[in-house]
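Please find the structures below.
Shared between the two complexes below is subunit A, which pairs with subunit B and subunit C, respectively.
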Partner chain A sequence: MKLFLFEMKKIHHTRAFTIFIFLTVLFISGLYIKNYIQQDIIIANKVQQFSEHRSDVFGDIQLYRKQKEEGLLESETEKKLAVASKLHGEINELIQAIQDKKWETELLTEIKVYQSAIVYQEMKGTFEKSKKDMLDTISLNEELLKKGLPKEDMDLSIQPPIFMKKIVSLLLNPFGFLILLLILGTSITREFEEKNIQMVYVLPVSRPYYIMNKFISLVVIGIFWLFIVFFISYLLPYLFTETTENSFSYPLMSMEGNFITSSHYLKEAMIYSLFYMIFSISILIFFGFLIRNTIVTYLLIIFLHIGNFIILTNGFMYQVNPFTYGMVDLGVINDDTQSFFGTSLLFGASIVLMIMSIYMNKRRGIR
Partner chain B sequence: MSILTIKNLSKSYKKQKILDDISLTIDSPGIWALVGPNGVGKTTFLNVLTNILPADSGSVELVGKPNRDFRIFREVSYLQDNTVLFEYLTGYDHLKYVCDVNKINKARIKEVADYVGMTNYLKKVVGNYSLGMKQHLLLAMAIINKPKLLFLDEPLNGLDPSSAILMRKILIELAENGTTIILSSHNLSEIDRVTKQILFLKDKKIIQINTANYETVYYYLALSHSEKGKLILSENGFLVNEESGKLKIQLKDRSLSNVISILQNHQINIYDIEKEITGSEKLYEELFEL
Partner chain C sequence: MRAFLFECKKLLKKKTTFVSISLSILSVIGLYLFNYSVVEKINKGNIAFYEINLERFNNFVNDSKEEKENAIEAGNTAKAEEMDLMIKRYQESSTNYENLKKSYEKESWKTLYEEDMKNLQIFINDPNGSSIGIEEQLISNFTIRATYEEIKILKENNSKPFIQNTIHDNFLPTIYDNFTGSSLEQWELITKRYGREGFSFLVQLIQMLYIPAVVLIGCFIFGNTISSESTKKRRGINFYKVLPYSNLKIFVAKYLSGYVFLLLFSLLMLAIPLVCSLFTNGLGSLKNPILVYEGSKPNIFGNTLNPIDDQFHFIDYQEYFWKILLFVFLFSFFMYSIYFLLSLFIKNPNITLILLGAITFIGLNISSSEFNPFIYTDIHKIITREIATLTFNPGVSYSTGLKLYLIIGLILSFIGYFKFYFNKEIT
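For the complex of A and B:
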């Protein structure tokens, strides 16, 4: 315990971590303030989106009417005109509901709009939204109506669970974890470069014990950072937002097409981020004690994380690749049922890396 | 049980042999000085003994246990170069850490800090320490666990005269209380003051010599009448030279009290007497062909 406290003291004195925590809080607060200020934009964005649809549909209506006047209207086109006119009316209703902030009417009308739009698209009418998106939105709206929750803007929402999800997607990803590692990494490599490690080597502390102590102290620091991320992103909306009742039941659609509640999402996100953080730190310990040079260790870790990020964002998400779970948001949304496999993989990989670190350093000198 | 047993120890670095088949046994308390030119491998030798660097071949036992056993450091200490200190921590933090790993009561920190004379700056950050202050801290860290075997790498570096005297006093006291001390140093006159057991590191080997046979004792006398004193002592058969305003006198078979008596009989007052012992310097010159 005392050695652990000594490690914590060393990390604290480097100040880099304190600054990192401060910047994390600043980032989350800044995003919350920005979202708070931009709440009116949500309505404006929705209105604009459906106004564009309305314009497209109206353009078609005008064309069909002109064809009708010129006697060129066929029966098929007559049907299209009818559907387009209905769609246009529904869009008008929807825009009105949005502007009047009647969320239940908005959800119901949006369902009608997209149902009509799907039919219209099948008739080769102009409606710039994919069928899949419209079907997903219909499902979401039906789910929201069941739960009695208004729809939230996933980017600008200041409701606690949605804002927390946004923070998870922005901070708990390969880049966020990479920054954490770069901040913590010097606590290992600098001790070799500045020869502080020699002091430890002539004390009655076994090297495996020292490495484990270092690992545990870094994990605790990492847990503290995760706690700050989740806590601040919850606290700000809790304090300053008029929260919707039952907001943690807000449905989120997974890649499988089914819904998970936002509370379930956040629970999974906490678990994934914790285990991925432990895995990341075990990588740091492994390379830090192996290479013992700050620049080379950092370059290697950056290469690993960015390389995997590129692979993942190009769709190569493999369950057996532990780095997959670094994209916490995607990892939960992709398949909420594989958390046991994912966390087991991460935990197993961490153990293997730690065993290798201890084995390689057991008899090795400072050079 | 031997305090230090080295058998056929060899070590190379970047394909260059530094230590070649060294064997040595020390089985009693006392002070041994490790001497050699710059770059000959003194620090490497100490690092290999303490397993900071692994040996290529051979074995080392400290206080009866292999040097790979980390538990030996409950009874073995090593005063290293001051770069091992954490610049952003205080002296107290360092000593507390050593106490914690050795499971020593914290009360010992103040005791040792007072003993080495660092109480005034104990709670200051090491980054603000002078070289001498860092050496005091390193010494405190090395003796806090009352070691049976103590290695010191250039312990007198950066010490002012009063600190050097204190260091010498501490080492002699430790040796008298049963600690075996091996110190590397360039300061031959200081070595002569603490020990006659020299380990010369030459041509990758250790040559163990007792310099008692090479000793010469000089006294420096500050007198009320230097010229008259010089004449009188010369007439009485003493070898006398003048150095820095004092008389340097070499005693062979005669005693200092004899000198004092002669001077007092001629009404010459003695203001100061300083003693200097040389032995290792002469031996060093012969060994390293200077």
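For the complex of A and C:
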């Protein structure tokens, strides 16, 4: 216990971790303030989007009317004119509902608009939105109406669960974990470079015990950082935003088009990030005690993370690759990843790495 | 000079230097091999796609023949004639796909370029009449024109194109397209380009911010010449202070030795993919084109891009790589001077690296002013004038960036020297 507390004290004294926590809080607060200020942009963007659709449809209506005046209108085109006129009216209703901030009317009207738009597209009318996206939006709106929740902008929302999801995607990814490892890892490699480890190894403490204490102290620090990330991203919207009742039931669409609640998403995100953090720290312990050099250890860890990021972003997501779960947001919304399998894999890999670290350092000298 | 050579020798004698460089080389080779495997996979996929289309049209021919026979038996000559026409059309398409597949397999690109140009010609001739789209969202006329011109240049030079996840019209993605939702996903999938040859792969890497990453890693390896010797435990700098060397000589020797190694490291990292390509698909041609935007003229609607009237031109790889080379010299000088200055204060390479990375990231995103030196970090977008076009700021140019790097780099180096000079006590 004393050794564990001593390790914690050492990390705290480096000030780097304290500054890192401070910067994390600053980043989350800065993002929240930016989103808070830009709330009006959400309405403006929606109005602009539907205004463009409205002008496309109106262009078609004018063309059909001109054809009608010239007596060139066929029965097919007359049907198109009728559908286009109906669609135009519905878009006007929708824009009005958005501007009046009547979310229920907005959701219902949006469903009507897209249903009419799908019919209009089948008649070869102009409506620049893919059928798949419109069907997805209709499903989402129906789900939101069932739960009695307004639709949120996934990038600019200040509701707690959506804001937390945004923070998860921004911070809990290979680069976020990489920065955490770079901050924490100095406590291992520096001891070898500055020969402090010689003093540690003459103490009546076994090496496996020392390595495990190092590991546990780093894990505790990592857990503290994760706690700060989730806590601050929840606290700020909770204190300063008018939160919607039942907001944690907000439906999020998975890659396969199924819905998961945001509470389920956040639970899985916490589990994945915890186990991935443990796995990352075990990699750090393994390479740190193996190589015993700051620059080489960190280069190896940087290349490992960047390499896996490149592989993942090129669509190669393998469930048996533990680094897949480093993209926490992707891992949760991917229906193929199972949290039990993923966490077991990460935990198993961490144990193997720790055993290897302990075994390699059992009798190895210090030079 | 002696001090400089001595510092260089010290850097070379460190095991860390060799291990770090070897690791970096292995990583780049690994990256090249990964890209090569992806290229091969896409290649096979495209050939399979040709085969699927071939089979589809052969099935259409067989079905139409059956229908024709049924029509003849039923005495329906009109239907039989119609089926005859359909059979001819399907057979033409089938033969066409067969030829295209053979051309693709043999890499006779001229045939494929001619086919693509023929398909795009209709949209070039009538920009307001028709267009091609991805799930109801149209591809801009600018993109179609740029793709057509690019294919024309590739055909003239008989060069290999980038490989893309499509067999139809290898579109050149431009800033004039505004896809959303699943259309965007599909567009990104079909327009993601992978270099088959050395030069193309290097262009692909440069677009992925490869040069800033390499320079940051180089700074991490070579930028600690003073800071590593002035910590509480290691006070090697004190030895220099008692030698008959001026502070300026010590500073210049340590600064320059680190910078020279950083530069050589950066150039080595740029050369490794080219060397790897010599064992696979070769270097490729230096005459391949790179699109450069000419910007949009202000109009009555304010600053908006005009996909029909806006112009562009192409530069070849040779001109592009000369610009990249000069950029590497000055960008590495700029980043190294920041890293060196930070390391004099912080003395922990990890923290210095994180800080420099964070400053670069924030600088890249915070402002698009021409006086923000970090906006020039994405050099591909500067050379192609993408940032200047999107921000309607012609001041954001390649030459402005180089001048800023040189001036700011010199200022920061002087500040670093003064910090070193006035740091009399090493504790």
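Everything that follows uses one rule, which is that the second predicted complex is superposed on the first by the 364 of 367 C-alpha atoms of A that agree within 3 Å, B and C clash if a C-alpha of one lies under 4 Å from a C-alpha of the other, contacts with A are read in each partner's own complex, and residues count from 1 in each chain.
As a convention for this text, a residue touches a chain if its C-beta (ideal position, glycine included) is under 8 Å from a C-beta of that chain, and two chains touch if they have at least 3 such contacts.
This is a predicted model, so every value here is computed, not measured.
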Kindly classify A:M199 by the partners it touches after superposition: subunit B alone (first), subunit C alone (second), both, or neither? first
State whether subunit B or subunit C is in contact with more residues of subunit A in the superposed arrangement. C
Touch test for A:F127: subunit B only (first), subunit C only (second), both, or neither? second
Once chain A of both complexes is superposed, is A:R207 in touch with subunit B (first), subunit C (second), both, or neither? first
Applying the document's definition of touch, where does A:M360 land relative to subunit B and subunit C: first, second, both, or neither? neither
Is A:L3 in contact with subunit B, with subunit C, with both, or with neither (first, second, both, neither)? first
Counting only touches as set out at the top, which of subunit B and subunit C does A:A16 meet: first, second, both, neither? second
Regarding the shared-chain residue A:I33, is it in contact with subunit B (first), subunit C (second), both, or neither? neither
Which parts of subunit A are touched by subunit B and by subunit C alike? 194-195
Parts of subunit B lying in touch with subunit A, wherever the complex brings them together: 47, 50-54, 68, 70-74, 76-78, 80-81, 83-86, 88-89, 93-94, 96-98, 100-102, 141
Can you name the residues of subunit A that touch subunit B in the complex? 2-3, 6, 9-10, 13-14, 194-196, 198-199, 201-207, 363-367
So in the complex, which bits of subunit C are touching subunit A? 16, 19-20, 23-24, 27, 30-31, 34, 38, 134-138, 180-183, 213, 217, 220-221, 231, 233-234, 348-351, 353-354
Applying the document's contact rule, which stretches of subunit A touch subunit C when the two form their complex? 16, 121, 127-133, 136, 179, 182-183, 185-186, 194-195, 293-296, 298-300, 302-303, 306-307, 310-311, 314
